[in-house]
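Just below sit the structures, each encoded as structure tokens.
Each of the next two complexes has chain A plus one other chain: chain B in the first, chain C in the second.
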Partner chain A sequence: MIDVAIPLFLVVCGIAVLLVKDLMSSIMIFSVYSLLIAIEWVRLNAIDVAITEAAVGAGISTVLFMIILSRTKSVEECKKSISIPALLVAVGVAGVLLYGSVDLPNLRDPNIAPSTHVSPYYLENAYKQTGQENAVAAILASYRGYDTLGETTVVATAAFCLILLLRGRRHTNKDLKKYEDTSINKCTVKGVGIKPTKTSPPGSEQDKDIIKKTVTKFLMPFIQLFGLYVIVHGELGPGGGFQGGVVLGVSIIVYSLVFGFKEAQQRMSVKAKDLLVSSGVLIYGGIGVLALFFGGNYLQYNVLLPDPKFASIIGILGIEIGVGITVAAVMITLFYETVRIDANG
Partner chain B sequence: MFNMFEVATFTIILSAVLILYRLVVGPFVFNRILAVNFFGTKTVVIMLLVGFMYGRPDMFIDIAFVYVLINFTAVLAFLKYVESGRFDN
Partner chain C sequence: MIKHLPALLIVIPLLAAIITPIIGRIHWVLSWYTVTITTFISFVISLSLLQTVLLQGDISYWMGGWQPPWGIEYAIDNLNVYVMIIVSFMALAGAIYSKNNINVEIDEARKPFFYSVYLLFVTGLMGMVVTGDIFNIYVFLEITSLSGYALIAIGKKRQALVGAYNYLIMGTIGATFFLLGIGYLYLMTGTLNIADLAARLPEFYQTKAIFTAFTFLVVGLCIKLALFPMHFWMPNVYTHAPSAVSAVMAATGAKVAAYAIIRVMFTVFEPEFYTLAPFNIQPILLILAVAAILAGSIMALAQTDIKKMLAYSSVGQIGYIVLGISLMSVNGMIGSLIHLLNHAMMKGALFFVVGAVVYRTGLTSIENFRGLGKKMPLSMAAFTIAALSMTGVPLTVGFVSKWYLAVASIEIGMWWLVPVILLSSLLTAIYFWRIIDAVWFKPALGEESHGHEHDDHQKPKSNDAPASMLIPTLTVAMLCLVFGVFAYAPVSLAEKAAVILLK
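Take a look at the complex of A and B:
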């Protein structure tokens, strides 16, 4: 039942994203598409991937799309015309992919290459060698520790590039006028023009967000606690540094959406966030260097403490925390720097 | 014979079809916002049901939590855009 319905929904959403006229609706349908993909991951029992898709696909990317949308127009102006060569290329690629999917192995067959080749080794040895109950965390942090270090560095570098590109920009009056001409702030979505008539007495204007603010105020510690739980719990269940970091970053983004951008900057200043981006990578790299001092190889955790198994668990926990700090700070960077362009000028 | 979880999943997918119709057709932006919110809720329930069917709901509750939080964020962003059209205030 799920196996038939969810792919069908995916196709419907995919076509709808293309056909819908205004971009905001496209973004909404795309976020539902992301939710559906995550159900597929759950169905395939890939819980760690599902949790990542949830945090990044449905959450952060939707918010970032919306921010970009607030700087452009929401409705397409030019009429769509179909370009024949582009159509041919698209149909050709789709045909090749469909042809390739014929040869895909049946996922429920236990004798296919992914189930017989590498994974049995990890499943048998991961707990014995690293002390991690979740084999995914063991592969990510221990067997493929260098790769994860590389990924974390890449994420941090991307944030630095964003800061360099967007923060240094000082807007001249001409630039600002250009923005006004393209009417960035004009919201032309259908149905938005209906403004509620003001019946509230003057003075109660401040309290119109009171439900939103109160709920967020109560929710905030739980979101952050849950983010920490996902980071620390990575060795036992789904999750880890990346997913937990995203949840932590989302908590600041929610705060900014509800209480305003200025208020959020008082909680998490731009400078503190910049320091956190690099300090996470430093923690990760530092644990590697620490292992060198104790006489092991780079990122060889089991030399850090007398008991090798406990040392391995502690080492992996340390790098998960490092990854979490970096990812959280990078998510906040993405939000802050894209929102801030005007405020800077 | 179907068990309870399969019947529940079937029902929720049926309701998801209706929501999907509103999402794709929905004349106004508010229909779509509500549809996105609804779909998030349905997703969480489907995930928990799949978790029960696989016999380890404890793992799936973690994902369900992330979904609830994240969907909340996305809907807040939509509403903020509809309200003021900008994010830096």
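Take a look at the complex of A and C:
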């Protein structure tokens, strides 16, 4: 039942995102879409992916979209027309996908190739060879660790691209000053979308924010501790560098949303954050290079220490921390650099 | 460490790209040195790998020490070491060239990040070429795509943003198709290793799922390749991106996409697939290739902006590469592979020269090329050589690949392709002649009135591009001649690769 309902909801959400005129609603529907996909991942037993999707798709993207929206108009002005070629392409792709699905094997069948070819080897040997109780972590960090290095680099690339495009473009000190205390705080949801309200006198604002600020201050250590826990916990269960990194990044974003960009910068400066983006990947790649010096292949952790299993555990922990640092720093980059955009640009 | 060269080939530039923004904080020029030195190292490693492959056969390197198919494998053979050398060489030439050229496009503060993203772009391309794991191709495709979008978007004009946005949408669709294809392959075979896929696929050749997988993989890559009619994102991209970026992207990006298509079509799938598949694929590719060759040349003829003209000419040249693939014969494949090399050098040289002209005059209209032969003689000489090669004049590389394509067409009885190739060469000659005529035989704009005066004090001063731009330009242009005369070297390598692919 739910296996039919979720895909159906997904399609409905997809169409709704396109048809809704108010962009704020679009964003909300889009975040529902992400949550539904996250549920679908849980149904498919891909808990790690589900956590990431929920945190990134439903969480951070929504916040980023809202920030962008607060800088532009929230209602589409041009009349929506359906592009016939695009429609044809979409229908064609759907047709080909359906055509190809006719003789796909049933996912629940235990005898299909993905369950019988490489997976048994992983399940049998993951703990013996890598010391990871979570076979998914063993595959991600060790057997296919090089892909994960690539993915971490993709995340870092996104940050570099954003900095290249946004920083220094039409930025003067005056612009920066204008936006340095930007925070969602000052925006309220009004009917069709977010609009900046007039700044209220300092006293009343203080009163309004005191609950938010106190709660945030109180929650901050717990969020961050949870992030660290998720990074380290990858070895035993769902979690790992990507998910934990997102949680850590979110903690700074929440702080920045509540206390303002200026204050957040005092906690985590732009410079330090830039450095962290690079250092995470460097830790990951560096562990790989270290393995070369100990006589192993690239990213072969088990040569790092005399006891191969322990070396592997340490190596994987190291790269998970590297991934966590980069992902957290990139999340913060996405937020910082978008918030700093010149509204006129 | 010799054993680890396949890994170092990618890891060195990858980590260097990550460090570049930090080093660049001291002074931007350090980031330029990082890029130049690391691309040079990659080029040297590729040459050394070529030697290993030629002497000792194919290389298999196991990432993390895990045996494939459980781990990721770097599999290097005649084909990818050949593409590797092209990509790393053009990346190096582009890096040297960009040092001065990029001054007109971006300000100093952004240079460290520019070089970092540039290095990520070429690392992604090299990573796609060297790997023996199909999902790993996708990972590096993502790196190279993301950085590619940013490199285009930094172009000075606002249209650069529109071009980058269109490319972003199309590129994402292409990459998603590729990923969908991988998903279908995995569901049917349970493996991601290319060699293992090739071994396990034949029993599924007649299934609809595998045919769908094939379609998604090839269509996705064709979008990336900008094969007609999926090319419409490309002209704007090449026109508005910074010149150094256009040159490197035209010289390497499409080549790697073409390489990936060859890999998918002839290594992952084997020629037998094309006789068993539910649809006949060969004629579709052949028709698209012919359409690309003719449409690209005709549209190039209509352009007034030199960068746009070169972009449309790329559409036609990509048609040649796909034509050779679609013939599915050894000579056709040799033609394709040689054309990969040729087009990288010819288009690289042409875009380098255009970049130099922009650097000196700031203009890209064809009108503006009038009389440049006297002002920038060396650059224009390079342009002329590359243009001749593009037309396919004997003793240039362009002739070699067209020769192989024509021979292959006749061999398999498709003699009607020969007039197509000739017609397209004629069109190419026409659109390049306009420029060469303007460059060497017409006075510069605004100087006609002075034409009758005595030429002793009117002789225009030579004001050629700086050495950092001239050296890579002339080197690449000279290579068009060198490989045209001594075609044996690349042809023998391409022949080895082609024979293995079509076994």
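Worth a mention:
The rule we apply is simple: the second predicted complex is superposed on the first by the 307 of 345 C-alpha atoms of A that agree within 3 Å, B and C clash if a C-alpha of one lies under 4 Å from a C-alpha of the other, contacts with A are read in each partner's own complex, and residues count from 1 in each chain.
The definition used in the following text is that contacts are C-beta pairs under 8 Å (C-beta built on N, C-alpha and C of every residue); 3 or more make two chains touch, one makes a residue touch a chain.
All values derive from a computational prediction rather than experimental measurement.
With chain A as the common reference, the superposed partners chain B and chain C fit together side by side. With both structures placed on the common chain, the touch criterion links A:225 to neither chain B nor chain C. In the superposed pair of complexes, A:1 makes contact with chain B only, with no contact to chain C. The superposition of the two structures on chain A yields an angle of 140 degrees at the Cα centre of chain A, opening toward chain B and chain C, reported in steps of 10. Once the two complexes are overlaid on the shared chain, A:87 sits clear of chain B and of chain C alike. Put simply, chain B and chain C get as close as 22 Å, counting only Cα atoms, in the superposed view.
On the side of chain A, the complex with chain B involves touching residues 1-2, 5, 9, 12-13, 16, 20, 24-25, 28-29, 31-32, 35-36, 38-39, 42-43, 45, 47, 50-51, 54-55, 58-59, 62-63, 66-67, 69-70, 184-187, 189-192, 212, 219, 223, 226, 230, 233, 237-239, 243, 247, 250, 253-254, 256-258, 260-261, 339-340, 342-343. Interface residues of chain C, counted against chain A in their complex, comprise 1, 4, 7, 11, 14-15, 18-19, 21-22, 61-66, 69-72, 107, 109-110, 113-114, 116-117, 120, 127, 133, 135-136, 139-140, 142-143, 146-147, 149-150, 153-154, 180, 184, 186-191, 200, 207-209, 211-213, 215-216. Taken together, the chain B residues at the contact with chain A in this complex read 6, 9-10, 13, 16-17, 20, 23-24, 26-30, 32-33, 35-36, 39-40, 43, 46-47, 50-51, 54, 58-60, 62-63, 65-67, 69-74, 76-78, 80-82, 85-89. Here chain A touches chain C in the complex through residues 96-97, 99-105, 112-119, 121-122, 142-147, 149-151, 153-154, 156-158, 160-165, 167-168, 274-275, 278, 281-282, 285-286, 288-289, 292, 296-303, going by the rule given at the top.
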